[in-house]
Structures are given as C-alpha cells and as structure tokens.
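Just so it is clear, A, B, C, D and E label the chains in written order, and each chain counts residues from 1 on its own.
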C-alpha cells in the first residue's frame, strides 16, 4: 500500500514543465520496445539501448501516414534525455512530459493540439502487498507512446494479439491500440476484485466464528485498499468517458463503440468497489456488535456465579466467627438448618435469574 | 448470494468481441423456443435441437415485415455455435454477443445500427438462498431474441398472455413484447421485497424480545442481500429510463407510455430498497444499544450484590480471626451487636443505591 | 405502520391496465358524492347507490363547458364496475385506472391526452398507529374525480369552503379545486409533524432522565415513521412541482401561483422531516453514549468497593487459619495491629482512587 | 430552541390567502416607524398609533417617483387591520400577506407583478436560549416594507447609516435598502457562530479532561442548534442567490454586485455550520471512545486486584476449615510455607499481567 | 488551528466597502516589495516605507502597456492608508478592498470591470500547530498586486524563477504571473498532506500496538485539521476552475492550459484529503472496536478466575463454620474428600470455559 500516497512534488513553486526524474528508481535499466504493425505486417524490436531509438524516429518522420501503426513502449522513467528527445521528435507538450514523471499523478486525459495524453494507474499484488504504477500514454496519428514504471504484464496480452493478428487490432488504427491498452489496464482490476471478494467471504466467516483483533486489522486493511483502488478508479472512469465523447479527430467513430464497452467495465469496477466498501463498513459494525454481545455473555456468567455465591459465603462467614456467645452454634440442627437456608437462597437466586431471562 | 459477485473475465486483455462460454454450465441442454404471433395468429414451437432453428431463420429472412412478431427464447448459454449463427443471421454486434455470455454483466441498454440490446438481472430465491441470472434481450424489427441462463418462470405469464390473447400484446409490435418482458423481470422484484419486508418485521420483534448473535447474522445477511439487489436495480432503472426516452425508431410512441409505467415500478423498487436499507442500518444501531443496555442491567445486579456482601463478609472475616486477645469475642452482646452492625451497613448501601436510581 | 409497505402486485407479469380490486376492502360500502358548483351555484348530492351516478354522467356529457365545476368523490375502491363506467365516460387511460386500484402506488402525476392523473398519499393517526391511504385524482376540463380508500376528513374543509363560498374556490375553475384538494392533503402532514415534534421533545427528556429499552424502542419507532413519511413526501414534492411547471392547458396561470405556495409547504414538510431524522439519529448516539457512561459509573462503584474489601478480607482470612504455630495469634497487640494495618490499606486505596479521579 | 419548530397552520385545508394572527403575541403594541430619505433628506417618524399611517400612505400615493425612498417598518403582527390596509394601499398579493403572519415560514423570495416578497429568519440568543423571529420584506418601487415579530436590533445599524448618511445607502434606491437589510440579517449569524465556536472549544477541552453526562447533553444541544441554524441558512442562501440573478426591474445592476457579496457571506455561514456539524459529530464519537477507554481502565484495576486476591483468599479459607484431621495444621513450618506459597501465587499473577501489558 | 475559524466581522450591519484593519496585527511593519520585469529586464526593489510607493505608481501610470510586468507585493494589512491609495491608483472595487482586510474570507474569485480579484488561503505549520493566512491578489493589465498577512515563503520560488529567468515566466504576461502565484499557493498543500500521511501511518501502528487516550486525541486532532484544510481547498478548486473557464480578456489562452494543470493539482489535493478523512473515520471505528475487544479480554480473565474460586471459597467457608454438630469435621477422610471435591469443581468449570471457547 506504500505506493498509494506517493510523494508528488519535489518543492512547491517550481516552474511547470520542468522535467525531474521520480525519486525512486523502480527498474535497473530503461527498456524501449518498438512494435510496428499493419494489416499484413508485424515487426517487433527490443532496442539494446535507448540511443537506438534515433533511427526509428527518423524513419517515422520520413514515412508517410498510412495504415501502419508504431507503438513505442518505454519501461523506466529515469532517462530524462530520452524523454526530452521523444518530446522534441513528436512535439509533445511540456506539461504532459512533466506528468509522465510525476508518478503520483491522478488519472486524467488531456487533449493538446495534435496529440492526446492519458495518465492511468495500474495495480498489481506482489506477496500480499497491493502495489501500483503509473502508466502514461500518448496518442498521435499512427503512433502510440507508452511509459511504464516497472516491467509488468498488463500489456502482454495486447502485444500477443498483435503478433498473432487475432481480433481487430491489426486492421484498426492507433486509436484502437490506445483503446486496447486502456482496456487492458482496466481489466487488471478484475482479478484484484475477485481476490478482495474472496477475502471478504473469509472475513465474514471469521466474524461469525471467532472475531478477534486480527479480524479487525484485516477489515481495516481491506478498507484501506478499497479506498486506494477507488481513488484510482473514479478518475479512470472519467478518462474513458472523456475519450469516448470528446470531439477529436484522433479517435475514430468505430473505436468509440469499443470505448463505450471499456466504460461499462470501469463502471462495473466502481460498483463492485462500492459494494465491497459498504460490506466492509457493515462488517465493522457487526464486529463491534459481536464483541459487545460476547462481553454480555461473559458478564452474565460472572454475575450469576458471583451473585449466588457471594451471599452464601457471607452466611458461612457469619458462623465462622469466634464469638463465645453464639447460641446457634450449639443447636443440634443448626448446621443442617444453615445448609438448608443456603440451598434456599441459591435456588431463589436461580429462579430470579431465570425470570430475567439470563439462563 | 454466491452469484451476486460473479467472475466476469477469463483473462484481462483478451480481444473484445471474443465469444467464450461462461465458466459454469447452469442447464444441461440448451433449449430454444420460438413463438410466432400476430393479432389472429399464435404459433409456439419448442425446437428439439438448436439445429432446428435454421429453417425458422430462413423463413424469417424470406417473410416481409408485417404485423406478426417472432420471439426466439434461448435457455442456456454454452452453445457458442448457435450464438454465432444467430449473430450472423440477424447482424448482431460482436460486443453485444460477447455481453450475452458475460453473465456478470451490469444491466444496460445499447443501441446499435438496427437493433437494441438490453442486459438485465433477474433474481429468485431457492431454499432460502438468493440467486440471480442474467437475461439478455435483442429487439429488432418484428423480432425479439432473449437469452436466459436457467429455466425460470419470469417469462411464463407473458407467454400465457400471448397464448390467450389477453391485453394488448397480440395486437402490438415487437417493442411492446420487449416492454412486457422487461416489465415481467422488474415485477420479479416485488415478491422478493415482500419476503424481505416480512424478514425485517420478524427481526424487529427479535430485536425487542431476545437479540442474540443470530439476530446479528440475520441483519448482516439482510444488508448483504439489499446491497446485491440494489446493485442490480439502479442500472435497471437507467435501462428503462433510456428505453423510454431514446430517440429510436424501434420503440413506438404508444409503447413509451407503458415504459413510463415500468419506470415507475423500478423507481418504487428502488425506494423500497432504500427504505429497507435505512431500517436495516437502524436495526444494527438498536441491536448495539440494546446489548449495551442489557449489559448495564447485568452489571447493576452484580454491583448491588457484590457491593453489599463484600464488606459484610469482611466484617465476618474479622471476627473469624483466631487471635487470642480479641476482647469483643468474649462480650455477652458481641454477636448480636455485630449482626446489627451488618444489617445497618446493608441497609445504608441499599439506601445509597436507591438514591442513585439503581433500584 | 402496517400500511407503509403495502403489497402492490397480485402476480408479476400480469397485463398492464388490468383492473383488480385491492386485496383489502377498507370500507363497507362504496360511497359516491357529487358536488356541482359555480360562482352562484352549489349543489351537493350523496348518491344512494353507485348506479345513481348514470344520470349525472349523462347530464355532464350534455352540458356545455361553462363556469361550473363538477367534483365526483368516491370512497371505497372495490366496485370495479363503477370504475370501468367512469373510465369509459371520461375517457380515462387504462394505466391510470389500474393505478387507482394499486393502493401501494408511489405518489406521481401523469399527463394524458386530455386529463391529468395524480396519485397521492394521505396519512392519519388512529390510536397511536400511523395509517395511510392512497388518494387519486383526475383533472378534466370542468370535472375533478377523486378516489379515496377510506372515509376521512382531509377533503371536508375544502367542501366546507365551497358550501360557504369563502375564498376563491367558487369563482375559480376545476384546476383550482384540484389544487385545493392537493393542498389539503399536503396540509395533513403538519399536525402529524407537530405530534412527532412533541414526541421528540419527550424522548429528549427521557434520554437525559432515565433512558431504558422503552426509549430505544420509541426512537426506533420514530425513525421508522419518519422513513415512511419521507418516502411519501419526496414524490409528493415532485408531484406539486410538476403540476406547477408543466405545460398543460388544464392548469391556468393564476392557479400556478397557488401551486407554488403548495410547493413551499411540501418543501417545508420535507425539511422538518430531515431535521427530525437528524435529531433521531443523534438521539440514538446519545442513548448509546449515555448507557456507556452509566455503565462506567456502575463499574466504578463496584471496583472501588471490591478493590478495597477484597484485600482486607484476604488479611482477615489469613488470621482465620487454624495453624497451630502462628505466633502472631498469641501476641498481645496482634489484633489491634492487624486492624490498624487494614485501615492503612483501605486509606491507601482510597487515596489511589482519588488520585485517579474516581471519587 | 422552542421557536425552531413553530406551529405553522391553524387547521389543514383553510383557504389560502386567509389572514390570521399568529397564535403567540410576542410584543405588547404594534409599532410602526416610517423613514423617508433621499440624498439630501432624512425624515424619521415613529407613529403613535398604526392609524397615523393613513396620511403617509396618501402622501406616498400622491408623490411622483423620484430619488427618495420610504421605509415602513412594522414590529408586531397582530394588527390584521393594519396589514389589510397596507395590502390594499400597495397592491400586495394575498398569499404574501398570509406568509407575513405564518411565522414558521421557510425563508424564500417570491416575485409578484410589481413587487418582490422576501421571508427571512433572524436568530438571537437571550440568556443562553437560541430564539428566532421571522422577518418579512416587501420591495416596491421607491418603497420598502418590513415586518418583524419582536423589537430587535438587527436593523438598527442600517437605520444609523441612513441617519448619518455614511456609505452609499442615501444615494442608492429602495433595492439597495432591501439589500442592506438582508445583509444585516445575514450578518446576525456571525456573532452566533463565534459563540458556537467558543462552545465547541470548551467542549473539546471537557472531552479530554473530564467527559461526563453534561458534556453529552451539551454536545446534543449543540447539534440541535446547528440543525436549526442550518435549516434557516440553506434557504436564505437560495433567497440571496435568487435576488442576485433574477430578471427583475426592481433590482438594479449596481445592487447585484452587493448581493453577490451578501451571497458570499451566506455561503460562508453555511460552510462554518457544516464544519461545526462535522466537529460535533466527531466529538460524539470521541466521547463514546473515551468512555469506553475509561471503563477499560476501571476494569483492569478491578480485574488485577480481584484476580490476585480471590485465589489467595481461597487458600486462606482452606486452612480456616475446622476438620479434625488436617495434618498441615500441626506442621511446624506450615504457616510460613502457606504464606510463601501465597506470595508466589501473587507474584506469578503480577508477572502474567505485566506480560499481557496491563501494568 | 486557532486561525481556522477567524472572527470575520466587527459588527453586523456595517456599510459594505468600509475598510477596517483586521483585529490582529500579525507583522510589525507593513513591507512593500516591487518587482518589475520583462523578457530582458528584472528590477527588484524593497521599499523602505510604504510612502515610497508613490513614485512607482506615477511611473506605472505614465508607462505605456508593453511586455513588462509589475508585481507589487504587500505583507501586513494594517496600513489602511496605503490600501486606499492603491485602490484609487488602480481603480479597485471597494468590496474587493474590504475583502483584502476580511482575513477570514472564503477563497473566491471575482471579476470587476477591468480587474480580477482572488482571495486564497495558504497553510503552514509552525511548531506542530497548523496556521493559515489569507492571500489576496489583484490581476490588472500588466500589473499584479498581492497582499499577505505574514512573511512567508510561498512566493519565494516564483520570485527566484523571475530573477533567474528560468521557465516561461519572464516571457509571459501578468496573467501567467498570477497563475504561478496561485499554483505556488496550491503547491503549499502537498508537504502538509505528506506530513498528515505520515501521521496517519504512525496512528495506524499505534492503533494496533497500544491504543490509548492519546491516540484518540491525535485522531480527533487529525480530523479537525482535515476539516479545516478541506474547507479551504474546496473553494480554491472553484477559484482555479473559474479562472480557467471565465471569459475574460485578462487571462490569455496560453495561460489557460497552465491553469488546467493547477486545477488538476487542486483536485488531487481534494482527493487526498477525502481519502485521509475516510481513513481517519475508519480509525475511530477501529479504535472503538479495539478497546471493546480488549475489555472483553480483561473481562474473560476476571470471569474465569472469579468463577472458579468464588464457589471453592464458599465450600471452604462452610467447613470453617464453628457449629458443634458438624459430623463431616470428625470424619477421618473428610479433609481429603473436600479437597478432592474442590478439585473436581475447578476442573468442571475449566472444562465448561473451554467448551465456550474462552480458553
């Protein structure tokens, strides 16, 4: 969960558009992968060094716009030089470039003169801990640029579809690729939600069977994760909704139908999150009520035992006194009489408890 | 409740429009039933095998649009072949077909070039457990296609009305049939709500009479079901509202009046759900307060008994000590004096408790 | 409160527009009362049997529209025949007629070709129990039709104003009559709200003086009634607001000013309800806190007494042991020394409690 | 607080526009004060009896509209005759006149053909109790009419500004006077809010130092007052907002800038109220938690003492039994051995409590 | 936190536009600093006395509008004379000038004929206490006026950027300067939020490890600060949003892109605040549950010990009675038999507790 509330700004008041690498370097080496494809073409290159990108950029500038799409995927954000070169080559806005590096960015979409910029958040779970990375995406005519913080597998299924040529992706344009990547990020939520759903069910059983401080911690932890996921999912809903309705030549009408589908998915994610949140809230109430009820049971046992035996012990104490002149002590039937009186007191108290509904 | 949070996606990132059967096969055999009717005509056929649908499709393609309506009702979703054939025959959009199989779909309506697609959720209670199925519906000119997950009786009353020719249904078009089916699904909520209302009343009595951990579990269970029903009812409200107001040639103006009526019903369902939710929330508060109050009563009894007898027992303990030089022990009226002192202490404490309002 | 959540539908899936009498017959005989009035005319007739209505209907059909207004008021809903005849005579929409009988209807207004239909809910309190009835109203040119479930006095003041000719009602048209009736129904809320306000004040005193399970039940009961009233008042606000702004020839501009006044009343009802709801919510919190605080007081007394005397009793117990070799027992000042030690222990504990702020 | 939920209607169903004096007469005598002013003119007259108003009305009717403004301020509402005369003289709408007397009116603004009507609520604190009065205002060309329930000082600063000629008021028109009066009413909230803020701070200290049932009552009382103030402030926000934006010739554009300023003040009042409400809600939570924590402390002391001494007392009890054959009693070192065993048990229990973190 | 709820008005009803110095003088001397810059020019002057401003104003009036921008920054608000002179020199609206001095102002933006006025709130933490000051800003063609309550460092980074000529600021106009200042104020939130985030994490650990009254106080304090920050951040969001979209010649289109960026920052601030608020709310619930659970543990230990030993002590008490005729006392195996019975009772009770799950 550490990464849900990331440090966002170095110092307040710095000039907007200043590029500064994120404080934490999450991959060793910046990796660049170029995928150039069209209906009958699929050329995938992993560049040895970021410097190898130069010839690609030249080729792209020389090429005339056609059916083919170029997807440049960069993993790792600490090579400011590469970013500056890409910014210059594609004419990217300096504020958008700054946002690529601001890894605590709120998901958003922004339209600039000739390109669209999207910032999204992608979650994954490593060893129980929920982590996240910021993924940013530029959509230009015929070109998609993506920036990831760490190596992950969110984009692998899309890459696979392009390689195999399944679905529409090879025949469609760069906007469809952007849609497919955003949809892949949104889809990452579903396995997480399933995992959370299972944890909720486990917690529900724990609540009934043996609630304890661990249950409490688990409920709080769950709520915290739901808060974090929700904080990312709400603006992603806006992102997809804006993309679908925005008047921009970069997104074609055929792609909008698919974006509507992606929108349905985000809304579904949000509804499940809200449902989980409500259940988590109920669980805390139930926990508290359950603890109170248990305490009540404990108290009743204590009260019954103590209330019966404390007066009896007092009676025994009286006849344990050492006064010389205690006539009862000499009576023949004193002992049985006292035992009888004690039994009577005990039974009367039991009858009283039963009448109050404690037994 | 298992089916409220269904697994939705096989793997994140698969191509949109890919058909994949739901993981759980909820009926043994896919059943297809065709109902062809008009003002003076009602022809109902249960097809032996899905393959028998072919001649019907040919006949439909050949027929010229007239007054008659064809309703093809399919129960069971695992025959992908049938679905593909239907999709091709009626020109259904691939995203809509995919949604037919995504049984955890959020209720929605989507308009495509020449057909409308609705996904709805239908609830039923089997042996105490609340279950649900997804029902999808395509509205085309003169044709309605419906897909159900399991055999149920939601559509039976409509079928009966068509058979008997009661109401407007035989004289109206396919849009009225679609309305009647949606209305039948919405109406399924009412008996469920009545059942929940009765459970709420039972719980209210339990709360007053003898609240216990079972009451708590029942309240939580109730809330969980309300959350699930509400999650389905809200988007169904949107579905009916969209259908009523959407500018589409597929829905005639006369039918819109009826959709307004169906809309009133969904809104009523939602309001009852909200009311129940608020009551369920209050009940948890009352439960907690009631437990606390009972604990208070228990504590008061314990405190009164213990506070009276503990000091008295101490006094008895003093005179039970075996010191050789305890002059009181030899006094003639020592014993009665101690008994009197004890009575006085007891009465003083009782008076104190009465003044504090504990008796 | 039984009538707040009424059974609404006979069976899901029945054809819309089917007339079916409500399950419960709340008056013995259906009563019809016709009031025909104009600026200089007031003719009131209670019909012996519903069949006597026929000549009235004929006369109405023959009359030419003028200044006079006819108000037909029907109490009791189980005469389907009468309803059908009225529907035919005035051309009422079948969905509206069905809603007259659906007594669990949500308050609403619907405009049809040449008439307006309103459903409203009217509350009254009989012997402590909050009851309600549905009142439906048709507004046609020169005619107002009202249907009530039970004999009540909501409309009596309006009838009285017509008889006496006070206010504008005799000079105004049917729309003003409809307004006056709706306003009378809305005004029924005010005495109820006053009663609730008084109960809130009583509860506030109980909370401070002697909160108990009865207080808790009363708070829950209060909340339940507020939920029920609110569920009716929100849609009635919509009804009046729609009537005021709707573009319909049936409502004249002069009447709209009065509807704005009625609208203010409904909004006021809603605000008072919200205020009461918030206070009721606070009261539950205060109840819980108050119980907790009292328990704390009880515990403190128990703890002080027990903590002082339990160790002292232990000391007495030691010297009550019967060992042969207990040198202290033979000491001359053993007994006074032990008594002194006990006093010292007791005082030390008292000092400790005072330091902790428990005394 | 008695006046927050005032009785509003005499009887449901009375004709709208009927004048009826409020049930409670809050001043002895109706006082009328006329202030006639212009840039170079300020004429203030307190009328001996309401009947003296007649010549003023005649003069006003005769005067031609110019720069001068007449403000008629009436304190006390039980002179229906005066009200009727004013209504006739200025052509006031009967519904507005009725609202002048309905002292439980929701704050609102209404535009009639040639005059504006505002109802506002003004709070003041007398001897700890929060009271309120309704202030109504009519704005006509060149004339402002105000009605107050009781003598108060809300308008005095405005009157003073007119007398002294400070600010714009003498040079501006009747609309500016109306603004100044409304602004004066809104400003009345600020000292109240300051007082509430101070009470919140006192309560915060009490919560930490010595929370008790008085704190609880004070928090509830605070919430109740916040609810009442908020119920008045929300519609006053609407009033000012409507006045500022409404298309009416009665309010000039220069005055709208000032109304925008008044609007900012109301919004600020509302935000402070919301903030206070949230703090009050938190305080109740903190109170409950604090009580629970204190009870926990009390319980721990009781448990430690009881758990240590109850077993020891039992041991002492064993050797206090009077069996003839108890060999330990005759042992030489029996007594010291038992004392040692008791010390060991006590130390073991102390060690256990320390390990659990109770000491 | 003292400064979150500042006294706002001297006396209700004073004339709008009256200048009155704030009640608290937060700096000793009013400091004026003038910064005149353009693409190739940067002239910074700290004026010795406010009177030295006069020549600057003359020069400004004489200069013809060009590329250069003049920023006059005033720290300290008690020099009413200076304010009046500035107001006259730049034609500032009297209501805006009054708002400069109303230091409890709600953040807002107002457009006047030829200048824009913004009020903002800037937070800083001194020695653990959260303080705030109001910063107001006038934007005129080529001129920016800012008023601060205290010396702070919010604007220092912007001043530094102007001096060094980094970023766009020297080449852009007065509107960009205004943007840069507002952005600097918004950015002040981020270090505060980080600090709060760290406190939340510390509290989360405390909750698990050793919750106590200090934790409770810290949570309440946190909530209070969140409430205060949120109350300022919401209207600041509106301010930036209005500036970005308002149709005014004072803000150029290039600057709007940057304002959109600032808007994103404010929204992010708000979302983090909401997230923190939700976590703080959860923490209180967890605290209460945790306390309850601990009390339950304490009670269980007490109950187990007391329930086992109280009956045993009673048995010992019986045989400590001094009756002459107690046959058991004379039996040879009486003592061992009683010891055996006691052990049996103890074991039975232990078995019972284990069955109830208390051990």
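What we mean here is this: contacts are C-beta pairs under 8 Å (C-beta built on N, C-alpha and C of every residue); 3 or more make two chains touch, one makes a residue touch a chain.
The model shown is predicted, which means the values in this text are computed figures rather than measured ones.
Novice: If you list every residue number at the chain A and chain E contact, are more than half found on both copies (same) or fewer than half (different)?
Specialist: different
Novice: Centroid of chain C to centroid of chain D, CA atoms only: how many Å?
Specialist: 26
Novice: Would you kindly tell me how far, in whole Å, the mean C-alpha position of chain D lies from that of chain A?
Specialist: Centre-to-centre distance between chain A and chain D: 42 Å.
Novice: Using CA atom averages as chain centres, what separation in Å is found between chain B and chain D?
Specialist: Those two chain centres are 42 Å apart.
Novice: If you look at chain D, which of its residues touch at least two other chains?
Specialist: Only 288, 292, 295, 299, 302, 306, 310, 313, 317, 320-322, 326 qualify.
Novice: With chains as vertices and touches as edges, which is it: line, ring, star, complete or other?
Specialist: Here the contact pattern is a ring, one closed loop where every chain has two partners.
Novice: Start at chain A, step over to chain B, and keep going round the ring; give me the chains in the order you meet them.
Specialist: Following the ring from chain A in the direction of chain B gives A, B, C, D, E.
Novice: Which bits of chain D are touching chain E when the two form their complex?
Specialist: For chain D paired with chain E, touching residues are 154-158, 161, 166-169, 180, 183-184, 187-188, 190-191, 194, 197, 204, 207-208, 257-258, 260-261, 264, 267-268, 271-272, 275, 278-279, 282-283, 285-286, 288-290, 292-293, 295-296, 299-300, 302-303, 306-307, 310-311, 313-314, 317-318, 320-326, 356-358.
Novice: Please output the residues of chain B touching chain A within their complex, sorted ascending.
Specialist: 5, 7-9, 11-18, 93, 95, 104-106, 108, 110, 210-213, 216-217, 219-220, 223-224, 227-228, 231, 284, 287-288, 291-292, 294-295, 297-299, 301-302, 305-306, 309-310, 312-313, 316-317, 319-322, 326, 328-335, 338-339
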